[in-house]
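Quick heads-up: structures coming right below.
The two complexes that follow have subunit A in common; it is paired with subunit B in the first and with subunit C in the second.
Here is the complex of A and B:
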């Protein structure tokens, strides 16, 4: 189920009225810098700074933010464990036999795993910055300005609109099934879940047909005109973003230099 | 299960984006021609995209005790074909990363190749192979869904293996390790998702078969045969 609706948080963000282009420039810029960084320092600095911006001036609940950050943690932990045993190089730190395979963790593997861990942190925080400050409607307007095919944007808008309608329907059916002990045993769970999906598909099809009729009544000609209420780019928000990204690039350059070259 | 933001090195993010873009491009061309021929297509595709998003956000009861979610691409492949599925899959993946923090923007190309292109291509091949055979349509649906699901995870494991090859054994050893970890939940999940979608088709055939006939998923003969089998089973149960 959808436990946390990130778009709802974005609607209430204090950064809601800043031009989406400025926010995208900040988030995508730091995402790319974190991604290309060969050192873990840059993503860690970027992650911490953006998190502080989200929590202190952005007034995002730290508890909510921690929940969001912990979401992809299980996949990350599983993958990091594999990376630890997969990579080599450097001295062996720990070694043990599993059947006929000799498993070992080396200093090179630990270094690589730390880099991946920090990169995931830095990049994820950059993504969360977009998600938690920019509502989807602003992103759709941004996509139009970026000349993404209009059919694709229209399709996205319909998908986005109906996600929440179907979600509330799903929750209602799901709760009714749970109350009738529909998920008590595995066999019953599969049957109930199939019934839920089948009903949802049929009702989504009917909703699509209703939407066609409703749009026909409003002279639908294949394009959804949407009012763009985006405010113009403000220098007061754009210049700090530019300074921050320049600083991050500076840290990237310093972090990639050998220590002797800096001194 | 998608590759999270920042997990792949930037070089591999670029490679997977380059592979995914032609499919997206073909999908947009096909979408445009579909809308030109029948303008009712767009709202229907939109609601189906929302359905697939909800399907992939639902936690599926897994045999291993863990919870995972269906990909939903098997259904879309049978209904709309590979190119349109790549578009719907890309939108669903984008919303999953923006609304649920599953996946990411840099890894969107890699996730598209596995979930919106690779899996549906394999599923579609099975569907074309079995569509006109005498095989029961529920078995066809089961096989298409299970294969699309499995191939999605095989490709995800491959993407991770080429990005992080093993020191001993290279890409093959790394692929084996990643797939072995995913297999614990994904093999039972593929079977469960296949069963779930076969049952979903049973409900659709019983209640609104005209959807499947309109989309030409199966012929009228096949659907009426399935309806007769269904009513016989119901009579036997009664």
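Here is the complex of A and C:
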């Protein structure tokens, strides 16, 4: 039993069959542009456009997408609150004493915080774009082309494969415990959780033995095949990406001009 | 027939526990279908793992192709290429993150080049009916599909012997029937197939020979109707007598004479019962069975031919035939035990069509003809298309 997770969304994505290189180019390109931009306009535009691409042609449920974005949002809000008080410069907007410390928010801090907020938004969306459209299996391929040591990739592939097995096992054990009221009181919960960990350890041990067995059965000789069966880079998808990134660069240049500097 | 696998007084115990295998000797001939039957924990899996050298017996001798198995890496490699082993839990057997990579695992480790690997994988996936699944990750597959991936991974290495540990244990009934059909198909292609199971209903009609195991020893080794026919042994081995066999025994006890050859299928049983009942009135003229090979183009088109016939039932044997049927949106009446069911239909005077693959088409014809000889009724079998005479079928 595998619940809907990021990998599942990537497998079902409409953009699944676009060459991973094109998608990586788009995501990393907009990520870098968002990072270097001194103006908050560029990351906001990039974030909104990529989100719309994911939701409208990508047919990702907006509710689901919002939930995914909520993860980084929690961290972001906490950091922004700290940033508001840490930065200085500009006029003081609001000031109040906490014991002997004088806390104040300045216009410089507000400007800085908004920029960070927008950058994080833009960058997160860029990363989620890759995560939600490109399955890990395609990324392994890309890693091989990027000459990452093959041993590392083999290991990652096995780990990736077993994450799902252990995940479903964990769910099974957990359900069995919940059915017998294993998490009713805190003390029981701790005991049940430790049992779950123990069981998982034992089953991963035996799974490891079976893995060696399964590999031996098929004459394992140190070779782990890779699937380089990806489609060639298609101009029909590559050119829009190029146009989009150029456009984003254009906005970046405009936004850094004194006239275009909004904030 | 040549002996391919042989065990001579094998003994084995797991470290720190009692003896699991207590002196077993047997042999398996090329092209046989063998079922190792016994309750859980009698050493079926342990014995199976000796066939490809995963477990080395404490004493005794295992022979493959009349040569004693050496436990050095070069020999084991060769052995494992020729003896494919399908684990009970396909989740544990599938190691790679995509179907393609998993099936390619064996060929890649045998050192084949890229094109050959691709060819082997395509062929193996085609065989188990999973074309187009190459890029799917295993955790998005159903239990039956995972089993098929595991089998494809072994088939890609092109072994002579296929060993299955409890092949149907996590499949639904129709999945099990599909799998048994696949095993039959593989056996038809000349592979020796060995399964372990505790499902007597499954082993009884399928196996050429049954080895009953109990407590690490062979209780009995014989053709299925003899092996399962001894109620004493069956009870001892915590099994049950197959329904058909029990029915035949029960009829015998009631004074109905039973033939020497025990019924292995519903068809056999019907034949026996019909012989017992005195025929009243004329029996209908037997219907015909047409066989269509889905690998070859059919002329006139299959659908037209089907539309031109009335009261026709369609059955499909093998995954590719079933895929073709779903492509053409044909309603399949029979998906397993197809030949027998079509013969039963023909005996009632009705016509049927069997969709199948080239390797199985001849078998259908042979089986129907053999039945005709045995029972004295003649049922017409016509190939709709065949590789030597691909055009018009005779009866159009």
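Rule of thumb we're sticking to: the second predicted complex is superposed on the first by the 255 of 263 C-alpha atoms of A that agree within 3 Å, B and C clash if a C-alpha of one lies under 4 Å from a C-alpha of the other, contacts with A are read in each partner's own complex, and residues count from 1 in each chain.
Everything that follows uses one rule, which is that a contact is a pair of C-beta atoms (placed from the backbone, for glycine too) under 8 Å apart; a residue touches a chain by one contact, two chains touch by 3 or more.
Keep in mind it's a predicted model, so treat the numbers as computed, not measured.
More residues of subunit A are in touch with B than with the other of subunit B and subunit C. Of the two partner chains placed by superposition, only subunit B is touched by A:193; subunit C is not. Once chain A of one complex is fitted onto chain A of the other, the partner contacts of A:105 are absent, as it touches neither subunit B nor subunit C. Contact with both subunit B and subunit C is seen for A:220 once the two complexes are overlaid on the shared chain.
When both complexes are overlaid on chain A, the residue A:137 reaches subunit C alone and has no touch with subunit B. With both structures placed on the common chain, the touch criterion links A:160 to subunit B and to subunit C.
Look at A:119: by the touch rule set out above, it reaches subunit B but stays clear of subunit C. Look at A:128: by the touch rule set out above, it reaches subunit B but stays clear of subunit C. Looking at the shared chain after the overlay, A:49 reaches neither subunit B nor subunit C. In the superposed model, A:211 makes contact with both subunit B and subunit C. Put simply, subunit A uses residues 2, 7, 136, 157-158, 160-161, 165, 207, 211, 215, 220-222 to touch subunit B in one complex and subunit C in the other. Those residues of subunit A that touch subunit C in the shared complex are 2, 7-8, 11, 135-137, 140, 157-158, 160-161, 164-165, 168, 207, 210-211, 213-227, 229.
Of all residues in subunit B, only 1, 4-7, 10, 13, 28, 31-32, 35, 39-40, 42-51, 53-55, 57-61, 63, 75, 87-88, 91-92, 94-95, 97-102, 104-106, 160, 164-168, 173-174, 177-178, 181, 192, 195-197, 199-204, 207-208, 211 touch subunit A in the complex they form. Of all residues in subunit C, those touching subunit A in their complex are 52, 54, 77, 80-81, 84-85, 87, 89, 91-98, 100-101, 104-111, 117, 134-140, 153-154, 157. Interface residues of subunit A facing subunit B in the complex, by the touch rule stated above, are 1-2, 4-7, 28, 31-32, 34-36, 43, 68, 71-72, 75-76, 78-79, 82-83, 85-89, 109, 116, 119-124, 126-128, 130-131, 136, 139, 149, 151-152, 154-163, 165-167, 170, 183, 186, 189-191, 193-202, 204-205, 207-209, 211-212, 215, 220-222.
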